[in-house]
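The next part holds the structures, each set out as structure tokens.
Next, two complexes with chain A in common: one pairs it with chain B, the other with chain C.
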Partner chain A sequence: MPPREGTYGLLAEFDNPSDLVRAARQAREDGWRRMDCYTPYPVEEAAEAIGFHRNKVPLVTLVGGLMGLTAMFALETWVSVLAYPLNIGGRPTYSWPAFIVPAYEWTILWAGLSACFGMLALNGLPALYHPLFNAPNFRDGATTDKFFLCLEALDPKFDLLEGRAYLESFQPTSVVEVEY
Partner chain B sequence: MAHESHAATHAKTLPADLGAPAFVDGWTKRALTVGAIFSVVAVILALLGQSQDQLGWDHLLRAWVLGLMLTFGWSVGGLALLMVQYCTGGKWGLLFRRPLEAMSRSLPLVFVYWLVVVIAMKKLYLWAQYTSVSDTAAALQAGLINEVQQHCLDFKRPMLNPVTFTWVGLLCFAIWAFYVWRLNSLALQREADKAGNTPYWIKKLENISGPGIVVYSLTMTAAVIYWVMSMDPTWYSSVYGLLFLVGQGYSVLAFCIIVSISLSKAEPFKTILRQTEQHDMGKLTFAFVMLNIYLAFAQFLIIWSGNLPEEIPWYLDRIRGHWGIIITLDFIFHWLIPFSMLLSRDIKRNKRRLVRVCQWMIFAKAFDLFWLIEPNFKDAARNLHFSWGILEYVAVPVAMVSFWVAFFCTRLKTRPLVQVNDPHLAEILEPEHAQA
Partner chain C sequence: MATSEVKTSDPGIDPATGEYRVLGQGQTFRSVTEKISRIVLTPHTPLGWFAFFGVGGAVAVMLLTAVTWLFLEGVGIWAITQPVAWGFAIINFVWWIGIGHAGTLISAILLLFKQGWRNSINRFAEAMTIFAVVCAGMFPLIHVGRPWLGYWLFPLPFTMTVWPQFRSPLLWDVFAVSTYATISVVFWYMGMIPDFGTLRDRSESKIGQYVYGILSMGWRGSTRHWMRYETSSLLLAGLATPLVLSVHTVISFDFAVAVLPGWHTTIFPPYFVAGAIYSGFAMVLTLAIPLRKWYHLEGLVTERHIDNMGKVMLATGFIVAYGYGMEVFMAWYSASHWEAFMMWNRMFGPMGWSYWVLVTCNLAIPLTTLWSRKLRTNITFMFLLSLVVNTGMWFERFVIVVTSLYRDFLPSSWGTYRATKWDYMTYVGTLGLFTALFMLFVRFLPMIPMNEIRMMLPGAKITPKVTAKAGD
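So, the complex of A and B:
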């Protein structure tokens, strides 16, 4: 794929989360779909405002946890019943209460790892490059105290001039054009 | 400052009337009606049971202990969670503090419930029936108890006898009553004081609550050992108090969530109950669901691994003779269902569904107590069978819990539902996206 060129989108900067949420909600209502919010800390209402209701991390975590549970329980059963049956205090070889603890630990371990790496993968990370970092105010503010709304050029409604005027109607601190 | 002015314009304001909404009176009436109906049912069942197997009144008393443990869990467990809240702080205190205070002030009713156990202890506890060495020897001769029981009854008599039982109980109730009185009256003084003095009050309540949690853990351990564990004088478990402690957290949180969500149909909780805090409480409840099974299974695993004749019969009494069905259902009801439900973020954030889960948890707690209590008795150990008396485990706890709920509602009415002298009040009135 040839390198992308041209405009990535228009980036509006806000001073507080309330204004960002209001702008994002309005933009979604006006038919914008390719857009994203960037905040220094998780703002759940911003995610809801742009129509982002659920992600797949819980599912990945659940599947990971169940895999860990099954794998360890099966391993223990195989070792104790088939591969190396031992008589421990006259107990049956299939002594499930004793298998629970390692199986539980593996459930936690695998659920945790799946949540962590699943989240990174679903976020598209690690990413070596993102066009938004071309905007100086984004570099300085996105992780400290500024709230951003980006209307992306991929949206069919996108037009450089109209989009800028549209964003300015929300009275942001600034609107800048971001290049790829 | 643009931010502050914006926050100010978006913030909600508290209604003028902070009292409990009028429909709480309706709850009282409904609870009293249900309580009255089920009391009649309980008496009828006792008479039926008496004519069937001579155990009707015995079953009524056993079920009474179940009702006592449930309401005791809410009352004293509520006191404990109140103290925990004073130590941890946090916005959820605004939602739970007044319901928890009202729960703790229901202690007199729990005391009355306990007095019934004191009066009827001969029917419930072997150690109350056989109070001397000659008594146990005669009972052994008559085949009423076995040798292990005889030995344990004689050995444990300094602790397990009617006088100690009564005095330990009275002492525990006195200590709980002291903390209830202290925390409840100081909360009112804090409200009456100037807003500037709030940091002093926060520190003061924290200093009372910290040691109070330790005292609570010790006294409630003593109480559950006497009231429930000693029904089987041969058995002991060092995690028993902790199991009930976590169980109280489980049922107190479930009850508090039901109360605050039900109150949010009207002011003032309509204004202050936000989804964020509701979600947080769902997560805290989830933690208790986990801890509960963790301890219950740890106890089982250790006793199963040890496989000692002193310990294992307690589990065998509760597994063999069809009790295996009950313990399996207990596992499903008490852990699997609440755990799976509370995993879901959507359920924790949905008022109606979260209330359903919490109601289920309270039922499951009662079911678990049934499994703990009934197999202590000779007629039921390793022998789960239907009798009219078994139905007492539904009728009596429902009646006792209903009367307790009615009493709780009257306590709830006596104070404004929202504390105004609280630094978190401004935060909880802000829109949910306003803070990190």
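So, the complex of A and C:
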């Protein structure tokens, strides 16, 4: 468990995405690892800059979809062959082509729910509290028009004074210390 | 894509890139955010909103009355009987769900095709989908006669140990429509999470901060979150695309699997899907045109959007026209006596007028006028046209359902169909319910996705050079 008191990190505010991406890329090159960017819309370059390339959402979606497919096809087969066999125009009880449609719909249903809830779970959401909300300039900017780089205190390179000076070298609008 | 034949003095063209401007000029992240969030966060509700919500709500009460009487008396209060056992309920079901399809098309298929212009209209098109599915889903449920036994539709282990029959398209429909409703809600809600974050941060009232804060799930715009979010959106779009095509295909199976002339045809799946998109885009226009005017969103939902939607309608309208043509051709080419009579009766029988309403509203008016860019960018014309197409598409379903059923094989079993006041009250009532729900959406939820609009602004371009700062 990370410490829940003291400093969470240092937050630098930028006016535009280009400056943020440049700062994040430089920080990554200089060996920073525990950091994140906060932007009002997805900035792919920022993700590359902090070295976040792949995520597990596609895998979760695939597994969910396959589970839905299997579950519905198994249910249809069990119902039609064992639990409640009906003679429909003399067709075999195991009429698998007709079972495709509901199984297809459930593949999509489970895959879609997995994509959404998997994304939320991997992101650690819902999380109504976060230390960054304590930063005075974060809430007005991060969801409107400001771009933030946060160097976290958990990084071994982190030092309050040196980190601040380091961030200042990127000429941000401001650098603030964020507390838990 | 700089095209030489277009004059660069055209204000619709961005001189920097030579591309058509989708959004109006001179907008910043903050101005866009303020414009959209103010509609929701203002404490002053416009009087017009109350007028529309009031009328919609009153009409929805009429729906409540009609449905209450239906539950007391049974489906006999409707005009359905033999031979026309499927009347307004099924017509309205197919019509509403078709309208919903354009929302999914805009949010999913156009996202996959990277059509940036959809960003302005996808949120309320998705809302339209959900409310249309609400209206649509109600009809089969109230049509079953004993709606309190509606759970029999689902494979549930209840005491009778009776299970559904998985070879019936009607059961496929249960899964198609329920999946469609669920995925549409998930896609819609997920799209709003970052915007709820914005509303949370911009709301000045305590209640607003709490409610939007909880709805936003604590969204803070982390890049890692955004990347998973983008992956998830793309995957949902990829899943919703085959889903939307399958839903109307399955609905067309409800008809096509039957042996009835006029229903038993293989053209139905593509023809139903195209018709759904056609009517759905018409409904998007019906909603978008007044909204952009009343809420002054002309800079975000531009003439370019209206123009593009007109083009989509032109394309899908021609697929629909092909469907109509093929039905007529097959009536002759199949050499089936019943098919030929059905088509003659559909055109010139006692209900032939409905076929000609359909042809006028879906083919004659839109497919001759939508070619003209001048008319496509004429807002009043497009609004009126959208109403015409909505009417035409309702009549298409009327023609398919009623004129196929009322005179089938045996002349001694022929009948007719005349809708009762309860039929009309139920149908008009769903229009009121839809209006009321949509007005609530416009008032309390962000109707244009702010995060997606920000991506399209010039400020979102990443430049390699260091930007000069004032005072440097």
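In the analysis below, the second predicted complex is superposed on the first by the 177 of 180 C-alpha atoms of A that agree within 3 Å, B and C clash if a C-alpha of one lies under 4 Å from a C-alpha of the other, contacts with A are read in each partner's own complex, and residues count from 1 in each chain.
Operating definition for what follows: a contact is a pair of C-beta atoms (placed from the backbone, for glycine too) under 8 Å apart; a residue touches a chain by one contact, two chains touch by 3 or more.
Small disclaimer: the values here were computed from a predicted structure and weren't measured.
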item: First (chain B), second (chain C), both or neither touched by A:His130; value: second
item: Contacts of A:Leu151 with chain B and chain C, given as first, second, both or neither; value: neither
item: First, second, both or neither for A:Leu109, with chain B first and chain C second; value: second
item: Partner chain in contact with A:Leu11 - chain B first, chain C second, else both or neither; value: neither
item: Shared chain A surface residues [contacts with chain B and with chain C]; value: 16-19, 21, 40-41, 43-46, 58, 91, 98, 101
item: Touch list for chain A against partner chain C, complex; value: 16-19, 21-22, 36-47, 50, 52, 55, 57-58, 61, 65, 72, 75-76, 79-80, 83-84, 86, 88, 91, 95, 98-99, 101-102, 104-106, 108-109, 111-113, 115-116, 118-120, 122-123, 125-130, 132-133, 138-140, 142-145, 171
item: Residue numbers on chain C that touch chain A, as the complex places them; value: 28-30, 33, 155, 161-169, 171-172, 175-176, 178-179, 182-183, 186-187, 190, 194, 197-198, 200-202, 213-214, 217-232, 235-236, 239-240, 242-243, 246, 250, 451-452, 454-455, 459-467, 469, 472
item: Partner chain A, residues of chain B touching it in the complex; value: 2-3, 6-7, 10, 297, 300-301, 304-305, 307, 343, 345, 431-434, 436
item: Chain B-touching residues of chain A, taken from the complex the two chains share; value: 15-19, 21, 40-41, 43-46, 58, 62, 89, 91, 97-98, 100-101
